[in-house]
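For clarity, chains are labelled A, B, C, D and E in written order, and residue numbers in each chain start from 1.
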Amino acid sequence: MSVSNLLENWSDFRHTHPVDDVPHNPYKWAMSIDLDACSGCNACSVACYAENNLPVVGKDKYAHGYAMHWMRIERYWDEDGRDFPDQGAQFLPMMCQQCEAAPCETVCPVGATNHTPDGINSQIYNRCIGSRYCEANCPYKVRYFNWYDYPTTDNVWPAEMNQQLNPDVTVRGKGVMEKCTFCIQRVTVAKNNAKNEGRLVHDGEVWTACQQACPTGAITFGNLVDPESKVHKQWQAQQVELAKDAQTKDKEEGGSELRGYRIFEELRPYPSVMYLERVRESAV
Amino acid sequence: MMNSGSVKHLAGHPFDRRDFLKVLGWGGAAVALSGCGNGSVEDGKETVVSYVETNDYMIPSISVYFNSTCAQCDAGCSITGRIREGRVLKLEGNPNSAINRGKTCGLGQAGVQHHYNPDRVREPLLRNGDQGEAITWEKAYALIAEKLNGVSGEEIAFLTGGVSGHLKVLLGNYLDSFGSKNHFVYEAVGPAVLRAANKKSYGVEMPRFNINKAKVVLSFGADFLGAWISPVHFSQQYAQFRKGVDGQRGVLVQIESKMTLTGANADRWLVVRPGTEGILALGIINALGTATGDIAAAVKGYDKARVSKDTGVSAEQIDKIVALLKERTPSLVLAGSAAEGYAHGSQNAAAINLLNQVLGNVGKTVEAAAVVPFPQMAPATGNTFALKTLNDGLNAGKYKVLFSYAANPVFTAPGAMKFKDNLAKAGFKVAFTHYLDETAMQADLVLPLDSALEDWGTQVPEYMAEGAQINIQQPLMEKLHANTRGMGDILLALIKLRRADDYKKYDDYYAYLRAAVLQNKGALGGGVADDDTFWNETLSKGIIKLASAAHALSGKAGAAGLSLPAPSAIDAQYPLQLIPSVNASLRDGRNTNQPWLQESPDPLTTIVWDSWVEIHPRKAAELGIVEGDIVEVTGKNGSIKVQAYLFPGIHPDAISIPLGRGHEALGRYAKGYGVNPFQILDMVFDKETGELALHETRVKVSKTGSRVIVVKDEGPAGGSQMGKKIAARLPSDKVKLSEEVYYVG
Amino acid sequence: MSKRHLLALFSNFDEAEAVVRELRSVRIKGFDADKDMIVKSPIEHPEVEEFLGDKPVYVQWFTLGGALTGGLLAFFLISGSQANFFSQVKGGKPIVPFPPNFVLTYEMFILGGVYISILGFLICAGLPASRSPLYSAKVSEDQVGILVQADEAASSTLKSIFIKHQALEIQEEAGK
Amino acid sequence: MKDISEDIAWAKINTDVLKSLENPRKLYWVILLIAIAMVGVAAGCEVYQYNTGMGVSNKNNTHVWGLYIATFIFWIGMSHSGTLLSAILHLMHADWRKPIYRFAEAMTTFSLMTAGLFVAVHLGRVWQIYYALPYPNGRQVWPNFQSPLLWDAMAIFTYLSSSILFLYVGMIPDLAICRDHLHPGWRKTLYTALSLGWEGTDRQWRNFRVTYLTIACFLIPLAVSVHSIVASDFAMSQQPGWHITSFPPYFVAGALYSGCAAIITLFIILRYVFKFEEYMTLPILKKIVRLTFAIAMVWTYLNLIEYASVWYGHDQASKDVLIQKATGVYAPFWWMMNFCGSIVPLILFFKRFQTHIPVLFAVSLLLNMGMWLERWMIVAPTFSHGYYPWTWDHDQWPSLVQWGMVFGSFGWFTLLFMVFCKVFPSVSMYEVKEMVYHRSQATKKLEVTGNLAAAGKGAH
Amino acid sequence: MQRFLRLSVLLLGLFAAASSYAADAPPPALTTEDDLGPAIEQPIEFPHFRHAGDADKGGMQINCMYCHTYARRSLVAGIPPIQKCIGCHQSIESVRETPRIKKLFEYWDAKKAIPWKKVHDLPDYVRFSHERHIKRFIFQLNRPVQEVCGYCHGNVKEMTVARRSKLLSMGWCVSCHQQDHPVTDEGGTPIGNQAYWYSMHKPPVDASGIIKAKGPNDCSVCHK
């Protein structure tokens, strides 16, 4: 069946994703993060711990670089050599960018990380054998490996704490790679409800944990295919297109005055997270 | 996500409701990835426990949402708990509340870890030597009655943190039953000076600050995005402020000696010599040149040259700010805790408030807050003056019985106050607590409390976002431990011992609360709805919005009595000013035992699980200190050893150590991590309010010779992007925000 | 008519060569030099083949067949399994991508070639073989052996030829 | 004492080599025991790591790979010289390879076996390793054929099994010798079974020659492909310092280089331990040394090409990694690697050292250390200084568990090798005979033309 | 020689057969395959055959979803609360004194939940939605309830205590997922007002204009 399937659907199988035509229908989950609104408060990160059963590794293991924060807030300083950072700091929430042409996907030997039809870079924990090639090849280094057995030998969730674990998310044992999933468990619930009602998921029906917590509303999440979605409108207004390694607006003479950009676009992973540049007042 | 439909289903007998919160057998819900060593669950042995009785909306694997109030800090954000199979899994913001509009901060998210904390006290404990001996509640109540027998009201003291709502009423009644007036409300890092200054300047303690309506915010050390008053509310306002009212993006100028989270988000962060914020405010008034009358006279001496010299802010910079303030109105000037932590803190705050007045912001961006129509429920706000009074009383041996609730003074009082020693002079000490914290360790009787997610209650926030509101706290799940009690239930039990007749009609605090709310149904907006409907609707919303008038706001305080001291000379022995910083997640340390917060990096230094001392790189070079050096910070009242972190966002003559860590008790996630700078604070008090001046401690720093690797998220590249476009930035004149599509909230 | 085996051992190839040439040239009844003569030597000696006459080797055909089968099989197997029910979509790449499949095809080409060559070798060389009736361990040391199979009648003729060429030793199959 | 450059008796060859199979010297047991102890260390490390989690190896989320992968590449590289000696030189009719190719091939096989172990050791969930095998299964899920790791697995499997077959086929005549000349016992039974009834008939030799040649032809591209696929693990990725076009040839050169160095080491050890002075002669050593020198220069060139292409290239991130290698925490190792890889082999240029055994022994060890460092310097600095500055981590240092496993791998290799030498003839007897024969034939021709009286071949 | 030729042909044939099986393996007919799980002792030996069994066999033909009421609206089918059992049984006097019912009332009177043992248990990393399957097969394709439930649970109506009778392995799930099931009526109208979308392949349309599609093949649909 497979070989006949191969021959019958040859063009489907030779379809290069996402470069050829419209890659996703009816969903393509994407995000935009407004760095001008982001205050770096870490609420998103803690919300992620709560939603996704992230283990707290403790001081010693944090020191060794075993932190499991799927969403980390980076803090950058200006590099102008001044005594004081008189323009403040730059905060950047960094999590899996759910690349359309993800470097991690192709290298996984067992296919534990694949592209879903919704445009999410899925991570199938029970399939993972822990070769860590995905993280080696991730330009953003946003994948996190279970170096120890946090649920059992490390006892990260001692009695009572374990009752907080979200049953919709697998608790990962040792030797498994994990990362931000765009709260795929919430997406699944929303899609289920939509299906029951014979419709597509509305904009705003599904929130990621970070988005829901974010006090400044810096994070927008939604369906990029849906022309009515906030995230689609933002991407459009910023003239950022998914399957491009350099945006047309950036090639124009004199540069762009639009704030939308994606990190490491030039490496061609086609990330699904658009950041909006921070703005700093020029009058002071 | 929000299944608001299920919330409506709450109609039903309250007894049932509590029953439904029972934990459904969750063996299968503890999901695990079976692997080597982790046994697979596929052996057919696991049990699935069903309900005995259930309601329609309780469906296994479907989440239901109940509203309650966050108790992680006093801001009073409303929360919605996600409950599945009877377990509360996650807290989100309740969109009904004007305070947080569906949002939460990291601290609020960690509320579940307070509830599920393995270190919670589970039984009433009676001191037996160094040990706590588990006793029954009956015995505990009897013991209290026995100890109170023959003790006069004067000899009883009740120490609490900020309390409000019906708990405060009940507490007041309880103290009344002894004729005691000794209710000490203590907050270690509360904005007490600000309240006093606001009262003087505007006529109200806590007006509303409309950051979202301002085009310029000039903040003197107010960390409104981090730990100041109601950070989630202000963060939302801030997001709107950044988008601008009419496409003109708001400009934030932060003036402080140590960069706070808010400072890190400012368009211009101005470092100022510690304690000279008031001088700068007066200098700006002077430079504005619009003041008249006694104000003009008061600021006359503050010419740019002098102000610049005193504060370290360049004249050019003052000009820029003045130009900005003139050009863009309305503006908003905020006086934060950093400006107030000095002996002349009240004066600083008054000077800063005066700037608001001169700029005409009062009534525009500083508005009167709504009045809570039930004054007995209005929050009793805490301060450190109360603690000082209590401490003096304890020292004098005035109190025979001391109750302590929601405060941990043994940890948060300055070491020089010798609170721990004085506490021992009280005859009988009762601590109502969740954890065995430092204060509970000194108590004779420890009474375990329900967590905020198991308990009933009402809360009235101090900072009212829009109209007045009362927040409802209700259980989100069945009690985890059989022998914990709600504070309301305990107080009710205790008061029944005194005034049985008045209270015997209330079985428990829930009944009291329900009766008390329904009694005032009319005033609470219940209209003609029948009791059950109103009550259930109230519970389902999680808040009661009150129609009420606003306070009267006065904008004409003037400059009377304003006198700011010249910046003090550098002390040769203790040349550095110690700034104990209030971190957005750990605050005064009551939440330190929540591991998510310990592991959540400090936004500015990205340090986790430990304390640090921030030193400006220039100063560090002078002292030969590099990152990770263990330095000894010595003041007049002792010294602490802590790792150094080189931080550019601090005045070179100041160092900063965050509060909240350095616990000697509390629990496994808190004990032994970091140091407690409260211990070395100098006993300097604000001259007007008697508040402890947190920033007045002077210290010296010396190397101990040992060095550690600082545990932080930031890598060896530090905060550098190494020339890559990672976190990018544009100047505002390049961006047309008005053409953008954006969504707030 | 029963046949008997004779094994003669010689100390060097020159002598053995001479024997072979003589055996091929003389006509002995009941002895066919092409079929009934086997030369056993301790080392590979191309000259032996020259004087034994041209005998074809077929191993290379096995190799060709094996390599092609391996390669083709790999390509279709891999492409087919990529196109199964669980099409693993990899962002930026088609489901059936050529470069990786070619790499694997290349490896399997070699694998098939090697395996089938060995198989071919075993088949063509008749290995594993049961031991021939006459054998001397000297052959694996330093002597060249010639094993012939002939009618009883011819054996004396053969023996004399061997002796003529300074056979070091002649073994004779026991009579039946 | 006569050696193989002269005409030595074939029977003596048999005796000498067969002698090496029996009655081991004390030194042999010492080496064997040390090897077993080393394997024990590694086994202990693995048990600890298996039970506790990969964290005990002290890698982290930035440094996801460490010494395991570096050592894996090292062992894969080591395997290439066997193929070089047995296949390439076979095709080129270099008869000096004959006494030494057997152990070189064994080295190929065993270093591949060692390398393969590192793949397993490196996995986070080694108990699920079967997920990576392409076999029809009930889940109907296949591994991801796009992953270079899978190519690796395929290439290594092909290489390992082909090498074993090649080794075995080439050994059949020798096994027959063993069968014929050993006393009955388990060995004899073993050799009888393994020699498949080889009798050295003309038909067997004829097919043997063609098969051997064919496999040799296959092995050469295979060996090249194996190490270029290992190079693809890195070159196919996107990381700075890895995404380099010249990696495949660079890896292949490095592989041959380390393999040749290892051959020198083993040559000297075997020559001493088994008293093979007559077979492993100094002229042969000299040839290997010259070959090593040539490959060293090729490697040096490719190494410099890599630096140059990074340096003149446009990719700042790659350049940063290079600078980091030369100046950062890895600088001592990086410079050591360059020193060992490019400077040390210059000693081999001097004729007097080309047969100086102590010097060669030291040099060969240094060369291998250089090559091991090279692999480490490929893996680690890119992790410590990748694209994303926030996650840079310059302080990572492998834990004792990692070192123990690397240490143990040498023991494992030695163990396999020592056992091999005692079970199978480590010098190819029949090929040495051929060599001696052809040489004497050549001498004879010379004698005939020079009208010199000549004795026949052979010692009788 | 002959022998080895035969051997080689045999080996080659095996090799070819194995690989063609691997690539072309037809979906094993696993839906019909029985794989009996362990017999499980429940706190009350619940007679499924009595409640759900056919009338001629003394059963009451109660719809599965009458008791397993959660199945159509959540991931799990759920065990009914004791309330539900009591609801009927308090008015059925005839069996009131039987040991099983007495036990039931003991639990009810003590207000204690019955510790039922799990019979159909999937690994914790699997997300199986009863709701989706019931919506699809009962409400959209109008298949009989007992048949639909029986696909995975076997012939429960003839069991006393339920026992696992299907493999419930991943391959077993897939054997059904990779079959084409109709998603539209003739003319392409979606069945049951459902919105359908397909990940990779355009589903085939058969002669009558009915579109058939396979089940989801996306890993993250079933693995959490």
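Just so it is clear, a contact is a pair of C-beta atoms (placed from the backbone, for glycine too) under 8 Å apart; a residue touches a chain by one contact, two chains touch by 3 or more.
Please read these numbers as outputs of a predicted model, since none were measured by experiment.
Taken together, chain C and chain D share the touching chains A, E. Note on connectivity: the fewest steps through touching chains from chain B to chain D is 1.
Chain A has the Cα centre that lies closest to the mean of all protein Cα atoms in view. When chain centres are defined as mean Cα coordinates, C lies farthest from chain E. The chain pair sharing the most C-beta contacts is A-B. Chain centres here are C-alpha means, and the one lying farthest from chain A is C. Averaging C-alpha coordinates per chain places the centre of chain A 32 Å away from that of chain B.
Chain A and chain C, compared by their mean Cα positions, are separated by 63 Å.
As a whole-number value, the distance joining the C-alpha centres of chain A and chain E reads 35 Å. Chain B and chain E have Cα centroids lying 52 Å from one another. Residue positions of chain D touching 2 or more other chains, listed in rising order: 62, 125, 128, 140-142, 144, 146-147, 150, 387-388, 390-391, 393. Counting partner chains per residue, chain C has residues 76-77, 80-82, 84-90, 93, 95, 120, 122, 126 touching two or more of them.
Multi-chain contact residues, meaning those touching two or more other chains, occur in chain B at positions 28, 30-35, 37, 61, 709, 713-714, 720-721, 724, 726. Chain pairs that touch one another: A-B, A-C, A-D, A-E, B-D, B-E, C-D, C-E, D-E. Against chain C, in their complex, chain D makes its touches with residues 9-11, 14, 134, 140-142, 144-147, 150-151, 154-155, 157-158, 161-162, 165-166, 169, 172-173, 176-177, 179-181, 196-211, 214-215, 218-219, 221-222, 225, 229, 232, 430-431, 433-434, 437, 456-460. Within the complex formed with chain A, the chain E residues making contact are 23-27, 123-125, 127, 129, 131-132, 135, 190, 192-195, 197-201, 218-221, 223-224.
Contact residues of chain A toward chain D in the complex are 61, 64-67, 72, 74, 94, 103, 106-111, 127-133, 135-137, 139-141, 143-149, 153, 174-177, 264, 267, 269.
Of all residues in chain B, only 1, 23, 26, 28-35, 37-38, 61, 84-85, 87-93, 100, 102-110, 112-113, 115-118, 120, 225-226, 231-232, 235-236, 238-239, 242-243, 249, 251, 253-254, 259, 261-271, 320-321, 323-324, 327, 480, 584-585, 595-601, 603-604, 606, 608-610, 616, 618, 648-649, 673, 709, 711, 713-714, 718-721, 724-737, 739-745 touch chain A in the complex they form. Interface residues of chain E, counted against chain D in their complex, comprise 21-22, 25, 27-28, 169-172, 174, 178.
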